[in-house]
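Here you go, one structure.
Labels A, B, C and D are assigned to the chains in the order they are written; within every chain, residues are numbered from 1.
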Amino acid sequence: MSRNVRPYGDATGDGMVQLSFTLPVPHGPRADGAAQQLANKMGIDPALVVHSHPIGENFSFFVVYGSVSHLVDLDAVRVVEREYPLLTPAEVNGRVKKLLRRKLVVVGGCIGTDAHTVGIDAILNIKGFAGQKGLEYYRELKVINLGAQVTVPELVKRARTEKADAVLVSQVVTQRDAHIQNTQEMSAAFREAMGERRPMLVVGGPRFDPLMAENLGVDRVFGRGTTPGEVASYLVHAISTAPVAPTAAKGVPA
Amino acid sequence: MTTLLHLDPRTVDTARALAAEAAEPVIRIAHAHTTVAVERATLRLAGITGADTTHRAGDVPWVNRVVDTVREHCGLEHGAALPVFDALRRHDLADLTELAEATAAGTIQYHVPEGRDATAAGKAARTAIARGLRSIDRAKARRDKLVATHGDPPQRPWIYLIVATGDIDEDVVQAANAARAGADVIAVIRSTGQSLLDYVPEGATHHGFAGTYATQENFRIMRAALDDVSRELGRYIRLTNYASGLCMPEIAVLGGLERLDMMLNDSMYGILFRDINPIRTFCDQRFSRQVHARAGIVINTGEDNYLTTADAVDAAHTVTVSQLLNERFAHEAGLPDELLGLGHAFEINPDLPDSFRLELAHALLARELFPDAPLKWMPPTKHMTGDVFRGYLLDGLFNLAGVLTGQSILLVGMMTEAVVTPWLSDRDLALANVKYILNAAGNLSEDFRPAPDGFIAKRAHQVLGEAVDLLARIRDQGLLDAIAKGTFGLMKRPPEGGKGSDGVIAKAENYLNPAADLLQTGATK
Amino acid sequence: MTTLLHLDPRTVDTARALAAEAAEPVIRIAHAHTTVAVERATLRLAGITGADTTHRAGDVPWVNRVVDTVREHCGLEHGAALPVFDALRRHDLADLTELAEATAAGTIQYHVPEGRDATAAGKAARTAIARGLRSIDRAKARRDKLVATHGDPPQRPWIYLIVATGDIDEDVVQAANAARAGADVIAVIRSTGQSLLDYVPEGATHHGFAGTYATQENFRIMRAALDDVSRELGRYIRLTNYASGLCMPEIAVLGGLERLDMMLNDSMYGILFRDINPIRTFCDQRFSRQVHARAGIVINTGEDNYLTTADAVDAAHTVTVSQLLNERFAHEAGLPDELLGLGHAFEINPDLPDSFRLELAHALLARELFPDAPLKWMPPTKHMTGDVFRGYLLDGLFNLAGVLTGQSILLVGMMTEAVVTPWLSDRDLALANVKYILNAAGNLSEDFRPAPDGFIAKRAHQVLGEAVDLLARIRDQGLLDAIAKGTFGLMKRPPEGGKGSDGVIAKAENYLNPAADLLQTGATK
Amino acid sequence: MSRNVRPYGDATGDGMVQLSFTLPVPHGPRADGAAQQLANKMGIDPALVVHSHPIGENFSFFVVYGSVSHLVDLDAVRVVEREYPLLTPAEVNGRVKKLLRRKLVVVGGCIGTDAHTVGIDAILNIKGFAGQKGLEYYRELKVINLGAQVTVPELVKRARTEKADAVLVSQVVTQRDAHIQNTQEMSAAFREAMGERRPMLVVGGPRFDPLMAENLGVDRVFGRGTTPGEVASYLVHAISTAPVAPTAAKGVPA
């Protein structure tokens, strides 16, 4: 596959894309012109404003078609590759047993005012997701699901009392970047409270970018369509690389 | 509407009878308890407004200060009315606000009056509360008048649209545009988390998350704005907000005072989806519904939510069961059928064979079970994805199902459901979608004649059958137990668990709450 | 399909009788004339292939060189067969290609043979042409065999998709993808302007405008590619191209030889939308349809086009009239009902009240008038705009109308109809749209029961009535005159006007064309 | 209205847009990453790939939502403002009579292989468009509609023999820029054949940009949704500014 690619409309390299947006401008030729200007600034040239209509008196909606000049450099694409193998529940249980000689403790929930539990439940509940059983199904995992609208202090407290190896947090509401703020607050609280000894921090939600882990202060970020298997496999991978205490005591070499 | 499903009237009666039996024990509990929210609502009716802005914990509404103090001093098992109005008299203060301030200042000692004092306090309380209810009556009368002048929407279903900017001022702009673009009902959804606050925020607000705080002032601002638009459009635009949550009774009072037209009020939503204590919710919903009844507010129930956590086909009968329970609780609280906006939704996995016909079957079942209720038909959400083209088509078929099955209120679906809270353009495109379907296929119901023993009729009968069976089980094991076992939306909520349980108080037998009586009897004095 | 409209059989018979009467004079004209295209088609059957690459005017097919020369030398009123095969014998040349080359070199003098020479030439011609027809017969047999092996599409309507890149190689890629994504029929539309070329281009082509040139080689390439895909998918994927135009008869022959499965072939499209001379078209369509009949090719007629230039409601009955005329001409040319892909379209202004129900009425009328014809249901185009979201929804309702009214072939609509020739993603999204509707609502027809005297039935009866009236007028004033007056698609086309009229020749009474006889009788020798 | 505006999602200045396109890349995380890269290059940041699905083996389709950084500078918007008044048919007839003392001759058609006559007919035929009657309805205009697929030489010939004041050409098919090429060929042919004396050249079609007149070598370009009235008013405006021969003779001062 060539290193550089362009969008494909009906011929290789034609660069065709579809775009729609609203401008706070009364409908008319000037508005269409404004829409065209924006499209051009986005690198669409020629840009055809194929549709526009007024929304109320002061707004106009546009549909634009055209060819973008930009090239996509495939080598420059950054993605979080899964650096660990996908394990079956049996394999996961086996590795945990071997590595910890006790159950791996997972505490999960939705923090802040977010009450969207379907996502975290899809990962944790037996019922699972996409045909895969959730973590509760794994014999060697102890799962405590705190449900929705858990406050950060509550979460830290439970994590400590349960001696959690991993804390799984879900954030679905993203308006005003609530998910970012809540997650950062959460990771800060754990550093604050436990420093080095903090459990693994894993967050997930449909609008997270897996590349954001560092800036969120967590160990791993999962996005749209995550499966329980991926998460379980990651946890095992993580404990086998970064040492975790088999008892609450100091870590053993992996 | 002529029947298409030929439901067996005996089965339907059985279903209703079972629902009544299943609800009975819970209703008895609701009668036997009061809650901090009910007492606060009562005092709001009596005229307490405003908040203690000096409090370190930020604005705390005066009602909370007063009720909390009463509870400290003499408990709430006798109700707040007697202690409060007794104190008012004893300290002879001008009004309840002064009392509240004094309470905050710590100069008031509450106790439960006896004998003549009690009678006097009771009379004073009743007078004050009756005054409050009369302003609700006036709001209702005003609504009737405005509807008479401007008129109702020309078509059914009514077009129900959500705004959710988080800022009441932006909300006003978007609501007005939406109404001009064809919306008949505007719902302002609340900021996440408000429903778990044990007090009602004060004033105009501008920073909600994924919704705008429900406050008396926000209600007033939006209702005023919509009154202007109604005049402009010659169509009465209705306003909806949310009662559900820890403050159900109070918000019901505020909604009544500010002439909201509809309120989301479900007998179980708070329990299931906000983990609010079951007893607390059942008490609060009853009082709030009595207030809605008085205010002529249409309630919207939340069965749609079950289908976001459970599967819409497997759990179809739980929707029916919940509707029957909501109906029963509503009737018991004095709400007539015309005020029962029972909810259901288009949430079947679209990849399922015959999914559209299954939707029609479920929607028709609701329609024929509750012929006089203004059913609220809600759009696909769970199976919406980032593929907005597919989403726009799904919403189109949802709209079509709505007109084919004669739904009363249609909550407009957004192609960006899986992406963002609706944009201005999403709402505009969504309304265009609804209008096209209504205009192009609105009368197609004339040609929609499911075969008497065809796929659709069979499915409807099956769901009703399953509902009856489930109701029987609930009757036997008890509703609270059924909820604890995850019967609805797969949410397991034990009776003792959940938020706000500490706000529930068993009534002493000399418990007094004039509001309860005035609401029960409809008296105005 | 049980009748829903209860059309009066007597009215239907009247309509057919009137169509036959109206068509009769034109059919007589078609019998009495030949055209350069018919003669070229005959020689193609006889085996002439290839082009004169040395010609200054670019590649000129050998058939054109030969037929033009014959015409110069001795006219075509006797047909080309006798002069050509007589010349072949006299100059004893190995084959027709050599003859063509010699013709180009100017070493051949054509004249009409008499007596024994004529008999000999006639026999030779018949043998050669019969050989050509037998390869068409073999192609047909092969199709039957492949259909038997791979099978027909599992569902009705069949999903018909257009590719139009202009480059046969890109077409192949997109066609294969489309088939994998669910298309049952692939149509390669032609470059603009080809239909006005009085010759068929040669070879594989890569630079069409808004379509790909129809050439024998392009046919072969695409059919071969689709045979592979058919094997891969275990479903016989059909291939469509266009006969209409100045070369109708020749393209019909090439389509038959290369095993196309469907061809756009309308008795009037060329006249109305390409300003081709009416007589020329009526002669050419007749011969081409005889060839299609022999090849077992489903014709697709073009009534949809009328609704792009005329209004779909006002002109609804002209569609019905045209369908009846197309049926009549087709039957006369030997096409059975199973090969009549009569066209109609979803082109009513979507802003019109009840537009969707009007579409259903029109679609049902066609369905019930032509119960055994594989009707071709075509998507909205005229009222599509740059609002692709609205467009996607309209296409969804078009798909729904298709399944509700039991259409046979569904031409997939594109949300970008008003914008560009379809993109890869447009086709993919469009197929997803069709699949969703078929899967979710495919069986809704079971519940679609228009009231016997309801809106839909009334409208259908009205359109049929108007069609009968119009047919009567056409019968009286004459079809050619009606066309001249703009009856169809508001296009006014006088009989003497239009392109290619100089290619029409009145037959002498000793005109000979063995193909005509072999096609009429079905003989193979 | 402020000089600079940004797209409006659900709040002023949020810059939100919707984008969709296909990349010739197999579906998967890398593909999503590639889509995100393209969106970023277009100035969308943050860019959320909210949907992607495979098209066949080698292509992926994407839907992206996000905020564009670009500002639209309303003052810099270039549009062809209608510099002439919209006249009623009566007014048009009056002005023509006064200016020319004869009928104004209009020759129209679709050139090249384009057979889309609905557009030009909407402008020329009595029937008209958008409730306005077409130019044939104007008493003082003589309209010759040549219909579809007119060759350029044919058009020039007719224009000359009819002593056309204005030639109206329609182009609807735009694949491979057919409309541009055909129009340029047409205007060149007229310059070639008649030089200064050439008639006014007006083209129209749904995909023309009115700003292109110069580069197309024509006097005016009309786009999407043009009405007959606009065209008639323009013609009158044009003859009253640029002098046209009242007879075939040399021009008179306007």
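To be clear about the criterion, a contact is a pair of C-beta atoms (placed from the backbone, for glycine too) under 8 Å apart; a residue touches a chain by one contact, two chains touch by 3 or more.
Just so we're clear, the structure is a prediction, and the values are computed from it rather than from any experiment.
A.B. asks: Find the chain most remote from chain A, comparing centres computed as mean CA coordinates.
C.D. replies: Result for max centroid distance from chain A is chain C.
A.B. asks: Could you see whether C-D or A-C has the larger number of C-beta contact pairs?
C.D. replies: C-D
A.B. asks: What is the distance in Å between the mean C-alpha positions of chain C and chain D?
C.D. replies: It comes to 34 Å between the two C-alpha centres.
A.B. asks: On a C-alpha centroid basis, what's the spacing between chain B and chain D, in Å?
C.D. replies: Once rounded, the distance between the two centres reads 54 Å.
A.B. asks: Between chain A and chain D, tell me the centre distance in angstrom, where each centre is the average of that chain's C-alpha atoms.
C.D. replies: 46
A.B. asks: Multi-chain contacts in chain C: which residues touch at least two other chains?
C.D. replies: Residues 388-389, 418, 420-421, 423-425, 429 of chain C each touch two or more of the other chains.
A.B. asks: Mind pulling the residue numbers of chain D that touch at least two other chains?
C.D. replies: Residues 8-9, 16, 18, 20-22, 48, 59.
A.B. asks: Chain D touches which residues of chain A in the complex?
C.D. replies: Per the touch definition, chain A meets chain D at residues 1, 5, 7-9, 12, 16-25, 29-30, 32-34, 37-38, 41-44, 46, 48, 59, 68, 70, 72-74, 76-81, 207, 209.
A.B. asks: Using the touch rule from the top, collect the residues of chain C that touch chain A in their complex.
C.D. replies: For this pair, the touching residues of chain C are 164-165, 167, 170, 174, 385-389, 416, 418-425.
A.B. asks: Per the contact definition, I'd like the list of chain D residues that touch chain B in the complex.
C.D. replies: Within the complex, chain D contacts chain B at residues 8-11, 16, 18, 20, 48-53, 63, 65.
A.B. asks: Taking the touch rule as given, give the residues of chain B at its contact with chain A in the complex, in rising order.
C.D. replies: 166, 177, 180-181, 191-193, 196, 209-210, 273-275, 308-309, 418, 420-421, 423-425, 428-429
A.B. asks: Can you tell me which positions in chain A touch chain B when the two form their complex?
C.D. replies: Chain A residues touching chain B: 20-22, 55-56, 59, 61, 112-115, 117-118, 147-149, 173-176, 178, 206.
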